[in-house]
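In the two complexes below, chain A is the common chain; its partner is chain B in one and chain C in the other.
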Partner chain A sequence: MELDIRNLTKTFGSTAALHGVDLKVASGELLALLGPSGSGKTTLLRCVAGLEIPSGGQILFGGEDASFKSVQERNIGFVFQHYALFKHLTIADNISYGLRVRPRRTRPTAAAIRNKVEELLALIQLPEYGGRYPSQLSGGQRQRVALARALAVEPRVLLLDEPFGALDAKVRKELRVWLREFHDRTGHTTLFVTHDQEEALDLADRVIVMSNGKIEQEGSPEDIYDRPATPFVFDFIGESVRLDIHVDKGRPFVGQQEVSIPRLPPLLFDGPAKLYVRPEHVAFRRDGEGLWATVVSLHRSGSSRRIGFRADGTEMIIEALTPADREPPRIGDRAALEIRAAGLFSGTA
Partner chain B sequence: MTLYAPFVKPSVLPGFRLTIIFTILYLTMIVLLPLGALLFRASSLGVHELVVLALDGRTLSALRLSFVTSFAAAAFNVPFGLLIAWVLVRYDFPGRRFFDAIIDLPFALPTAVAGIALTALYAPKGWIGSIATIFGLKIAYTPIGVFLALVFVGLPFIVRTVQPVLAEVDRELEEAAATLGAGRLRTIASVVLPVLSPAILTGFALAFARAVGEYGSVIFIAGNIPYVSEIAPLLIVIKLEEFDYAGATAVAAFMLAVSFATLLLINLIQARARTRYGHV
Partner chain C sequence: MSDSSVALAVSLEETTAAVAASPSRRRLPTEEAPWVRRLLITLAVGFLGLFLLLPLVTVFMEAFRKGAGAFIHAFADPAAVDAILLTLMVAVIAVPANLVFGISAAWAIAKFDFRGKAFLVTLIDLPFSVSPVVAGLVYVLLYANHGIFGGWLQSAGIQIIFALPGIIMATVFVTFPFIARELIPLMEELGNTDEEAALTLGASGFRMFWTVTLPNVKWALLYGVLLCNARAMGEFGAVSVVSGHIRGYTNTMPLHIEILYNEYQFVAAFAVASLLAALALVTLGIKSWLEHRYAGDLAAGHRH
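And now, the complex of A and B:
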């Protein structure tokens, strides 16, 4: 089921949580809504679910306007960060809840419900757990049960709100791999909210980066990481240092030195600008052409080494990442830096 | 090395022995001793005499009135107390704090004051009583009056036990039920009420226990007509005034037994629920 969100706005009192969000989700797509807290990603998800009433805009499910439909009518599957399992019901009764509350006309027979529960328990790899209570399961198991419960009603769209947020790091990673395989097998149109960029980039077909109630950038995980479209995305995704530079006659300068940056679009402005550089895109040599700088810090972490350079004639620090087994320079050494890729944005803020 | 009784888990945080000794002494002096004296007194009567005294027609109807109206009043308070707790917890409206505060008044008011006020309202010439009379309904001086007084004193028990638990109910549970297609009433019945049920049961037990022992607020509105609107605690007082200590003891022992059995049953139901759902 494809999803079409048009100019969606939501205000809580006087604060706006969403400013006119437009988003199309293709059928069967696994989409991540990524952003810091307060970016509006959860509000967007809850509006799609019908758990929040939008202040404006439209939400279409498969071309049909669902903006004014109740939660119950939308037929979505929602998974909460803290599972929200019914702790007075067994796992089997939790999973079958959505089927059992249907009016008699559309309710499956008891035998059909039992079969469905068996099938879902097998799908989430907890076949023997039907008779237990949620309090007897681990966090990861509970979240899988919550997913099975959401899937039991055969939802048109699956919505996951920080599904791994309450789990520890190891279980998180396992469940992430499991969810990707699960999605490839079942093919539900899925939206999931996360503030964890690694999770979003690792798991999703497409990533929507949000901040302050707006979409900053949407694209494949590679687009988002390799070609951040805005300063916010550069800051938020991956690591980068920000350099305050200036552009003179279309050429960028760090202090008094001109820097050459490959694949940069022509600069059509002069004046102050910001340059975002990822440490893995900085190479250094002891001689030759480049941005001359002095080594000011060395830091070993695991398999790599982080080297801090101060650009000549400035106080700006540029970081480079090199393999730990490469012979490191010494503090005070001079080197020519080559910046292989960077983002450049006009202005100072 | 200190030796511990087998049921004591050794702990680096001391305090078990001091607190357990205090608990046992305190409960013995405050609760068990008076009740023990009562049972001792009753046992000196002999089983046969006890049964004869308790099965006396007037005693039996007083006991029946006390337990039936107490049960009915506590049961009546469950849905309405629940509704009040719901409104106080879930909604914000002008005057909420005021209404929240007056819930406790039946606790605080001297029961005799409550009884006189209720009688003034519900007596055939009172504000509400005179209206009820038009419809041929007599409230004061009948079991209905007893029931009303017990509803009055029992309400805070339900509201105050349910309120904190309801405030802790995770709204996500209700949202989850809604996303699965459950309507509002269905959600409340299948998701919220089970979570509240231990608190409701506790509130019911407290309201029931209070009602069985209630005296001051009831005797004014009840009219105390033997065989009709005479409650068991009043009968005990009457028997004492007539120096019929044996009779008073028999009624008291009987009330004690029924009350204890009821509370024990409610506790057992709760213990079962607790082991099943983890904490609740």
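And now, the complex of A and C:
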């Protein structure tokens, strides 16, 4: 089922949580809503679910306006960060809840419900767990049960609110891989909210980066990481250092030195600008052409080494990332830096 | 490798031995000196014994002072039977009423934000802070024949003060906070997520309440009902003001006990009193069991 969100706004009292969000989701797509807390991503998800009433705009499910439909009528599957399993019900009763609360006319028979539960338990790889209670399961298992419960009602859209947020790092990764495979097999249109960029970039077909109630950038994980469209995305996704530079006659300068940056669009302005550089895009040599700088810090972290350079004639620090087994320079050494990719934005703020 | 681990074990043993052998073992920072501990325990136990346990024992001793026959005889008095029936009747109406009010109030406070919420929370505590006698007097002022609504009630043929409705209203007033107070912190802590989950799965609001909300709070609810019931049966002050002490008609057990006592019928007074006390003990027993068994589900089990 495709989803079309048009100019959606939401205000809580006097604070706006969403400022006119437009978003189209294709049928069967796995979409990540990524942003820091307070960016409006959860509010957007809850508006789609019908758990929050938008202040303006429209939400269309498969071309049909669902803006005024109740939660129950929307037929969505929602998975909560803290699972929200009913702790007084067994796993099987949790999964079948959505079927059992249906009015008699549309309720499947007891046997059909039992079959459905069996089928879903097999799908989430917990076939023997139907008779247990949520408290007897681990966090990762509970979240899979929550997913099965949401799927039991055959929802048109699956909505996941920080689904791995309450799990520890290892389980998170396992479950992430599992969810990707699960999605590829079942093909539900899925929106999930996360503040974890690794999760979003790893899992989603398409990533929507949000901040302050607006969409900053949408695109494939590669687009988002390799070609951040705004300073916010550069700051938020991956690592980067920000350099305050200036542009003179269309050429960028760090202090007094001109820097050459490949694949930069022509600069149509002069004056102060911000240059965002990722550490893995900085290479250094002992001689030759480049941005001359002095080594000021060395820091080993896992399999790589982080080297801090101060650009000549400035106080600005540029970081480079090299493999840890490569012979490092010493503090005080001079080197010519080559910036292989960077983002440049006008202004100072 | 094995040598070094043996050496480590030995040194560990030496350390423990040294600690155990040291004559003045150092206290934890949070531990009191032994004499302070003994003094506090003696004070607490002495106080409880003198002010709580001894009176309780005395009630039963006095009730049986003249033997089991006299004790049973006290309940042969039709006035005593009427008082017991009236008390049960009041509890049977007041407790369910507060069950409904308590759940509604807790729901409103825990699940919604609205203007005047803080005021409502304070208002729920009013019966805890105001003297029951004052509550009774206010009811008399409002609903007695010469009261504000008195004329209207009289013309409609409704008798509230010096009748069953007044007694029930006074009891409801006094016992209102027990259930609401028990539910509010728990419901606030649980939040809305389980309810939202039920709604997204297609449950109606009513269905959600019965299958999700109520099971989540059932132990706290039972606990509140228990305390509410104990207080409803034992309430004296407010009921005393509104009842008019009409024997066989508006006398509840506590009022009946007072009358018997004032008439120097000590055995009868204490016999009825022992029934109330036994009721309190049973309540206390169930309450302790609930606390022990469902500690995690009771938001404020340790508070009362």
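Assume the second predicted complex is superposed on the first by the 349 of 349 C-alpha atoms of A that agree within 3 Å, B and C clash if a C-alpha of one lies under 4 Å from a C-alpha of the other, contacts with A are read in each partner's own complex, and residues count from 1 in each chain.
The rule we apply is simple: contacts are C-beta pairs under 8 Å (C-beta built on N, C-alpha and C of every residue); 3 or more make two chains touch, one makes a residue touch a chain.
On a predicted model such as this, the values are computed, not experimentally measured, just so you know.
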| item | value |
| --- | --- |
| Chain C versus chain B on the shared chain A, clash or fit after superposition | clash |
| First, second, both or neither for A:K170, with chain B first and chain C second | neither |
| Chain B versus chain C as contact partner of A:R185, first or second or both or neither | neither |
| Partner chain in contact with A:R263 - chain B first, chain C second, else both or neither | neither |
| First, second, both or neither for A:G98, with chain B first and chain C second | both |
| Which superposed partner A:R330 touches (first chain B, second chain C, both, neither) | neither |
| Which of chain B and chain C A:Y133 touches, first, second, both or neither | first |
| First (chain B), second (chain C), both or neither touched by A:K249 | neither |
| Common interface residues of chain A - those touching chain B in one complex and chain C in the other | 49, 51, 71-72, 75-78, 80, 82, 84-88, 97-98, 101-102, 149-150, 152-153 |
| Partner chain A, residues of chain C touching it in the complex | 193-194, 196-204, 207, 211-212, 215-216 |
| In the complex, chain B residues that touch chain A | 170, 172-173, 175-183, 186, 190-191, 194-195, 276-280 |
| Complex interface listing, chain A residues touching chain B | 49-51, 71-72, 75-78, 80, 82, 84-88, 97-98, 101-102, 133, 135, 149-150, 152-153 |
| Chain C-facing residues of chain A, complex | 49, 51, 71-72, 75-78, 80, 82, 84-88, 97-98, 101-102, 149-150, 152-153 |
